[in-house]
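Here's the structure we're looking at; comments come further down.
Order of writing sets the labels: A, B, C and D. Residues in every chain begin at 1.
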Amino acid sequence: MAEKKRNGIDSYSVPEEISIYDMWSYNTTMEELGDKPWWELPERFSSLEEVWEYTKSKEYKEKNLSREAIKIDPEMACQPLGALLAALGIEGTLPYCHGSQGCASYFRFEFTRHFREPVMEAASSMTEDAAVFGGLSNIVEGLQNAYTLYKPKHIAVFTSCMAEVIGDDLKAFINRAKQKGSIPEDFPITYANTPSFVGSHVEGYDSMVRAILEQLAEPKEEKTEKINVIPGFDPYTANIKEVKKLLNTMGVDYTFVPDWSRTFDYPLGKFEMYPGGTPLEEVKNAVNNKGSVIIGKFSLKKTAKLIKNKWKQPLQAMEMPIGVEFTDKFIMTVSEMTGKEIPPEIEEMRGIALDAMTDAYQRFHGVKAAVVGDPDIVYGVSKFLLEMGAKPYYVVSTNGTKKWQKEMQALLDSSEFGKGCKAYAGMDLWQLRSLMYEEKPDILIGPCDLKYYAREFDLPLVRIGLPIMDRFNLHRYPIMGYEGVINLVTFIGNALLDHFDRICPEVNFDKLR
Amino acid sequence: MAEKKRNGIDSYSVPEEISIYDMWSYNTTMEELGDKPWWELPERFSSLEEVWEYTKSKEYKEKNLSREAIKIDPEMACQPLGALLAALGIEGTLPYCHGSQGCASYFRFEFTRHFREPVMEAASSMTEDAAVFGGLSNIVEGLQNAYTLYKPKHIAVFTSCMAEVIGDDLKAFINRAKQKGSIPEDFPITYANTPSFVGSHVEGYDSMVRAILEQLAEPKEEKTEKINVIPGFDPYTANIKEVKKLLNTMGVDYTFVPDWSRTFDYPLGKFEMYPGGTPLEEVKNAVNNKGSVIIGKFSLKKTAKLIKNKWKQPLQAMEMPIGVEFTDKFIMTVSEMTGKEIPPEIEEMRGIALDAMTDAYQRFHGVKAAVVGDPDIVYGVSKFLLEMGAKPYYVVSTNGTKKWQKEMQALLDSSEFGKGCKAYAGMDLWQLRSLMYEEKPDILIGPCDLKYYAREFDLPLVRIGLPIMDRFNLHRYPIMGYEGVINLVTFIGNALLDHFDRICPEVNFDKLR
Amino acid sequence: MEKRQVLDPTFAAKLIEDTLSAYPEKARKERAKHLAVNDPSGKNKVISNVKCRPGVISSRGCTYAGCKGVLVGQIKGMIPISHGPVGCGHYSWSTRRNYATGKRGLNNFVTFHFTTFYQERDVVYGGDKKLDKALDELFEMFPLAQGASVLSECPVGLIGDDIGSVARKKEKETGKWIVPYNCEGFRGVSQSLGHHIANDMWRDWIVERYEPKDLDPDWEPGPYDVVYIGDYNIGGDGWEVLKIFKAIGLRVVARFPTDPNVWDWPKAKYAKLTIVHCARSTQYFAKSMEKKYGIPYYESNFIGATDTFESLRDIANFFDDKIKENVEKFIEKWTPFVEKVKAEYRPRLEGKKVMLYVGGLRPRHVAEALEKDLGMVVIGTGYEFAHDDDYEKTYPKLGEGALIYDDVTQYELDRFVEALKPDLIGSGVKEKYVFQKMGIPFRQMHSWDYSGPYHGILGFLRLARDMDMAVNGAPWKYVKAPWKKEMEV
Amino acid sequence: MEKRQVLDPTFAAKLIEDTLSAYPEKARKERAKHLAVNDPSGKNKVISNVKCRPGVISSRGCTYAGCKGVLVGQIKGMIPISHGPVGCGHYSWSTRRNYATGKRGLNNFVTFHFTTFYQERDVVYGGDKKLDKALDELFEMFPLAQGASVLSECPVGLIGDDIGSVARKKEKETGKWIVPYNCEGFRGVSQSLGHHIANDMWRDWIVERYEPKDLDPDWEPGPYDVVYIGDYNIGGDGWEVLKIFKAIGLRVVARFPTDPNVWDWPKAKYAKLTIVHCARSTQYFAKSMEKKYGIPYYESNFIGATDTFESLRDIANFFDDKIKENVEKFIEKWTPFVEKVKAEYRPRLEGKKVMLYVGGLRPRHVAEALEKDLGMVVIGTGYEFAHDDDYEKTYPKLGEGALIYDDVTQYELDRFVEALKPDLIGSGVKEKYVFQKMGIPFRQMHSWDYSGPYHGILGFLRLARDMDMAVNGAPWKYVKAPWKKEMEV
């Protein structure tokens, strides 16, 4: 009674006499084409199956977990990518990567695939001569070309490996470019050092945010009544919109910086070179605001230091407002810092989120999840799971630090539902695979790279984080705030149901769930 | 290399020594329990396979499509259900079903399962004595009890079969109840006849909307500057919020009636007997507004007549604003009727929707869909599909009329992508099954009842319409307006990708889609 | 059970009185008879199985719902036709999680919606001819069907159609089994009459008319043959019980509505014992068998470990030592498992207050499981459609002072819950979101809230887990906004 | 091809001039050399394969990208190690849809991301030891691997690590093949050098060092042996071509990077013909084979039906009559299909203006298919990383007046598109959303926009369908709000 498989998505609107040809006919086996795979040659392994089983073994797992020199499917990118995101969150800003030929293209790829939006970034395009003579001439001409052609209001410069290895002095080089008349003396250029062999995109983001805030700051005597809200590295546009909605509902006066909510989500019809970002005037004035809230405490350590130690501003560096409790905390923090009361509209939103949670929690209860991604995001998503009675069984952050691992583990241990759950800093996905063969989770949550493992283990995958290159629009749905709670309930809850409907026996294929 | 199947969703947070028991162990075959299925008895069919194949044949299809006396899996409910929805969209209103014992429970079931929210409805609970003596005494006591206990501001009475068959006179009965002092003379009670053996929930909705508007109307000499916006039968709360968002963005003064957006979506924390609805004062005044827009032209024929012929109001009865063109039409209609200009914010929303459409349309192009549901909803969803280059190949509305079929077919024929697509009024799902065995679609779109067919054909199902009893929160995501366009792109596009990722060979399991 | 007070009777009586005060005079008097403060000796009785007061918001369904939705719609191999307008069949389409094996559309019709789709002309001119034709069309579509069940909706009875004679005519023409049920919703006062009608029709139209050998020439009765009825197989409940019967050496020769193999039912009259789970819906049949064939029946309870073991011992007493030994062995084998489950969950549930309001057996069956096995305290219970005998069985099982409410109205239940603030409510889906809105954990106890099986020993683990999940569910502690806490305590 | 004008050359020249006027002096002079108005006789040449101007926003990638991303990362059975910091391997992780059979993690490592994960200490103290250890760990994890490819990122070369000697040492220790590629991103001016490095290393470290009999004792050369290179198997392109070769009687004894079976490569030196698809990335290898072993090579084009047929006839000319006959039979068999595809799509695409900007062969290969088979008009084309020879091959294939742009900057391409308003742009994903924002249909022509195969005869249908889908795609007509239409025309 089985149906012949069809590649549904690829059905054609072509005349029938054409469409009868099987367009996926390359499924022809290589053997039919006369290939003989080498592993079938006599002196090689006789059985693929045997090796495959070995890779699932405990012995293999131990070797896998003790690897030191190679990472296999680590889930993290490098510093300049984060710097690029920060730069794209500022009005009229042209990001500028000072480093080798090619790096900039990689960063543009990543975001353009994730957001399906244009990503603009200039580069020094250094080649072998720069390795010998340094990148000064590249930056001098590069800034002039970029400034002249693309008419930015601000250029944010960051580095990739080469500039760091050869020791280019950014500050001096930029001054030199100004002296040489490449760009006007008073044109704002900010810069940050973001070598790829230190930290990850999260640290690069932090460095660039700090650089922008610090280098553009125009301190005045008087403080404003505004607060700064500074997000951690966050590959969503809707999260920013959601947090701003909460702030607006509270009637708070704020500077949200950086803000890429329109950069990666603006209307079709006209290409805009600089579609979004926090107004430069606000950025310059951030130093004069009466306090700052950082949402993403693992992402913004250097920025926090600037605000606290140098600006001496009251600062709350908190978790990303993912899940109900961290959102509550955000609301109360803002309320306390601004003196604004929490209005009934906020309670209404919160109550609806709770309604969605209680409607669905029985499907989450006891479900074991593997959660993978950036330290702040997995921290928030795991908190949400605990609030639903699910178990963030493997919390994996390749770019998580030891400190993160400790705090993450403490969060897991603080809930009865966290029993048996563990945080893994620095782990890669191939190591997670070994853990999963020991104890299989029920669902995977994280970037699209996990799809290979979802397929291998026949598990549902809920895509959260960066990158998501194989699904549409997900950055347009917030995972933060009360709206984010509803979305997480929907996406994770319905993924569990989809999966269960698929694997359950026919007798259990219920119309009610 | 296959993995043992697990029922993931049902993993337990129980100690290991307990959890090792297989909780789905009833999968024990009946044969193990000593059963012998009758169809294996010697004198019966020897082969199930043979009969199953027969049900897929052309011969079977012809018999199936010519059925006259029985419907098999029709996708529609009955009139009073629609009346209940209308009533629940009015402030302080207690819906009251005059009919047999039990009907009211069924209607409450339907909505409470679909929305996962409380549904309040009183009933006459007529039994055999009423069959003999009529339902007068039931309604006299019923209205008194309901009024006294539940303190409504308005009661909306509608009928189910029994009252209609025995010929109860609603108007006279209600007057009688008032005369007897069951309820105050000036207490507003509206009523509509909604027999289940005529039309469907859509017609019942229309009748009750008309009754409420007509019977509560307090006409004045002067017209206001407001317009009425009247939705068709629509099992979403978010659609109303989205349409209101558009109206608010345009700065339009309007009465949205009926409005169940809060009825089925209010905060946890306190049970509210009357959580939502259009304010009664506004309902009474609807007659005095300067015009009306009906969004759901197949749902509101009687209401349209009231407004046009009796109220003599300017009326635009249009399609539900699903997809970009019908949303544009709604915006322009409202703009024209109110004289309000279309602000740039609307264009921004529209442009973002277009952006989402163009990002994803190549996955929709040529995809054949079976679309099932209420006439207005499938009309709008099919339009959206055409706008994406997909083919609404089977558009099935069991409760569609011949007129609907004609208009639906005309819509399909108006697009080059509609080639080969067909509208089917009155068709049931078992008939659709025969069509699908002749030409298999790529995706199913409609209520959760379709899941049986999605499983049989191994097709993705995107749940749209009523009922959806097996997934969370879907009524909280609009399918109307520009936001609705984005959601439809997300839900349908990602369902296609999920399915393709599942059925594609490993070589084609791409990280980029 | 020892005497124990779960609520102060004076307080409880006052609560009932206060609640009733909101009613108009007539309804107050009537409703007062349905509410009582429990005295385990059964001194305070409620009346039951009478008409709802109109206008009060009752949870009850109708005779059609009891007949089609609960019993007849589940028969495997018989096509259940909702005869009348489209609505009733729509609302009862696959909304009960009564599991059955077989292939949908081939030999299993349980998850379908078949309707003769009455239109105005059918109401005016009668629908018998349409039914006649519908049966032809159905058997053409589903040649493997054993037959069809015709379930009348309101108009059919009101206009005087005669489905019985259509059934007889078509049986002759087609050779199929066709059973007519005059279960119109306006008959009776609740689902209950629907059960009775189904029981009677099964006896008269199936069990009495056919012999086992007609269908299964090799079949012979045996010494350990039992019939198992009144288990709806929600989430697979009945299969759990069938496995246990097999383990203790009994042969189940017929059963309903657990995955009900209609072709086996004629064997029922040769069984040694009828085991009834839900007496309310199926004891009519059991009593018929007793009366006519002298087959004793036993009312079991497989919800909860204690009652499961007790039921098994009771059943064994109808048989010889072999079965008794098997039962003891079974209990010995599973006792450690039960103790483990209790050790895990009882501490998390001990003393938690529960209110129940369900159908025809669970208000007492579940109550016992929760109290005996899990240490919870049932402070209120009531039935949608019980009769006096159900309440008589209930009083002694509950603690003193517990509220008893028959056919409770939405208004009453709200007031009781507000006053008593239970830790858990077990009722139906129509109640679920009302009480969840109040922030009170809830389980649907008709449908096991999309979970189950709860029956038997493995089901007990699931039951315990689910009660814990409800009462100690993660999101409940967030119901109140933290900034509101001080203000509203 | 006959002479035809696709743009007015004076207009085109003016457009280039206007565009250049926005640049500072130095950049203007340099960029002017990269832009030309096509004269099919090749009179107006552009320069190419030189450094990007800094600051201009180029689409180019780097040597590592060309070496690892385009060629080496695709080798089946060889573990591709991104040697250096984590980023480069991350960005090039499975982002090319180069298909290969086999099982992920067992004998296929194409969809992995392997990195030696340089940290600051590695930059300071050198990373050779880490690489040594990484190889041990990898072969422990993946015992079936044939070997590993070591792909250097910038810091490796800058700090003077010697991956060649590590490779040699580990080959001896492990018996695996280990090929070191010094493909640091700062070397060269684009992806192009990466291709060259890969070609040379494959020749020197694999083809020259091993004999076919080492791996396949039974293997013997044959009269119809060919090597097929430079087909990236995007969406399965290469498999389409392999099927055609099989159909016409050729035996493909080695291939890359179509599902590249590295263990077959040593056979390349015994082949009768090297068939090159992308000459830009793999002609180095073909030329080596010609020079050292006298094996001729042929530059084919399997994009579009006309060129596919032409390529097959050309290839047949290297062989005997048997192959020639086979080719004619093949063409005869498939011509009706091709005509059907053209009949369906050509009328929908005829005369539509196209601008291309892709990598190293498609700006001309695709242009031909679109023009010859589908009647479209290419009004501009350019390469990211071509050399002079590529442009020489391009000029005669394009119409007069078409814009030629080498390493075009984002600024230039925007201006050209704004001025020319093409019906379709074919370029990369970084360009896609820029032009879609403008409301212009777009196809990614590196990756076939998640579609493919486009090669060969069946691929031609897909190509035609996709171009139609793009140009005549449903949503494009809604780009402008209807209430804006009158105002902005």
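Throughout what follows, a contact is a pair of C-beta atoms (placed from the backbone, for glycine too) under 8 Å apart; a residue touches a chain by one contact, two chains touch by 3 or more.
Since the model is a prediction, treat every value here as computed from it, not as a measurement.
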Pair sharing more residue contacts (C-beta pairs) when B-D is set against B-C: B-C
Distance between chain centroids, defined by C-alpha means - subunit A, subunit C (Å): 51
Between subunit A and subunit B, centroid-to-centroid distance (C-alpha), Å: 37
Chain centre separation (subunit B, subunit C; CA means) in Å: 30
Residues of subunit A whose C-beta touches two or more other chains: 1, 12-14, 24, 52, 113, 116-117, 266, 268-269, 347, 350, 354-355, 358-359, 365-366, 389, 417, 449, 452, 469, 506-513
Contacts with 2+ other chains: residues of subunit D: 93-95, 99, 101, 103-104, 111, 236, 433, 436-437, 465, 479
Chain-chain contacts as defined at top: A-B, A-C, A-D, B-C, B-D
Contacting residues of subunit B [partner subunit C, same complex]: 12-15, 17-18, 21, 23-26, 28, 30, 32-39, 41, 44-45, 48, 51-52, 54-55, 60, 63-64, 67-74, 76-81, 96, 99-103, 105-110, 112-113, 116-128, 130-131, 138-139, 141-150, 160-162, 165-166, 195-198, 200, 266, 268-272, 430, 449, 452, 456, 469
Residue ranges of subunit A touching subunit B (in the complex, touch as defined): 1, 3, 5-14, 24, 27, 49, 52, 113, 116-117, 265-269, 347-348, 350-352, 354-356, 358-360, 363, 365-368, 389, 391, 417, 419, 440, 442-443, 448-449, 451-452, 455, 457-460, 469-474, 476-477, 486, 489-490, 493-494, 496-501, 503-513
Of all residues in subunit D, those that touch subunit A in their complex: 22-24, 26-27, 51-65, 77, 81, 84-88, 90-95, 99, 101-107, 111-120, 122-123, 130-134, 136-138, 140-141, 143-144, 146, 153-155, 157-159, 184-191, 215-216, 236, 239-240, 242-243, 246, 251-252, 259, 261, 263, 337, 340-341, 344, 409-411, 414, 429-430, 432-439, 453, 458, 461-462, 465, 479-480
Of subunit D, residues touching subunit B in the complex: 93-95, 97, 99-101, 103-104, 111, 236, 433, 436-437, 447, 449-451, 465-466, 469-470, 473-476, 478-479, 481-484
Subunit A residues within the subunit C interface of the complex: 1, 324-325, 328, 331-332, 335, 342, 347, 350, 354-355, 357-359, 361-362, 364-366, 386-389, 415, 417, 506-513
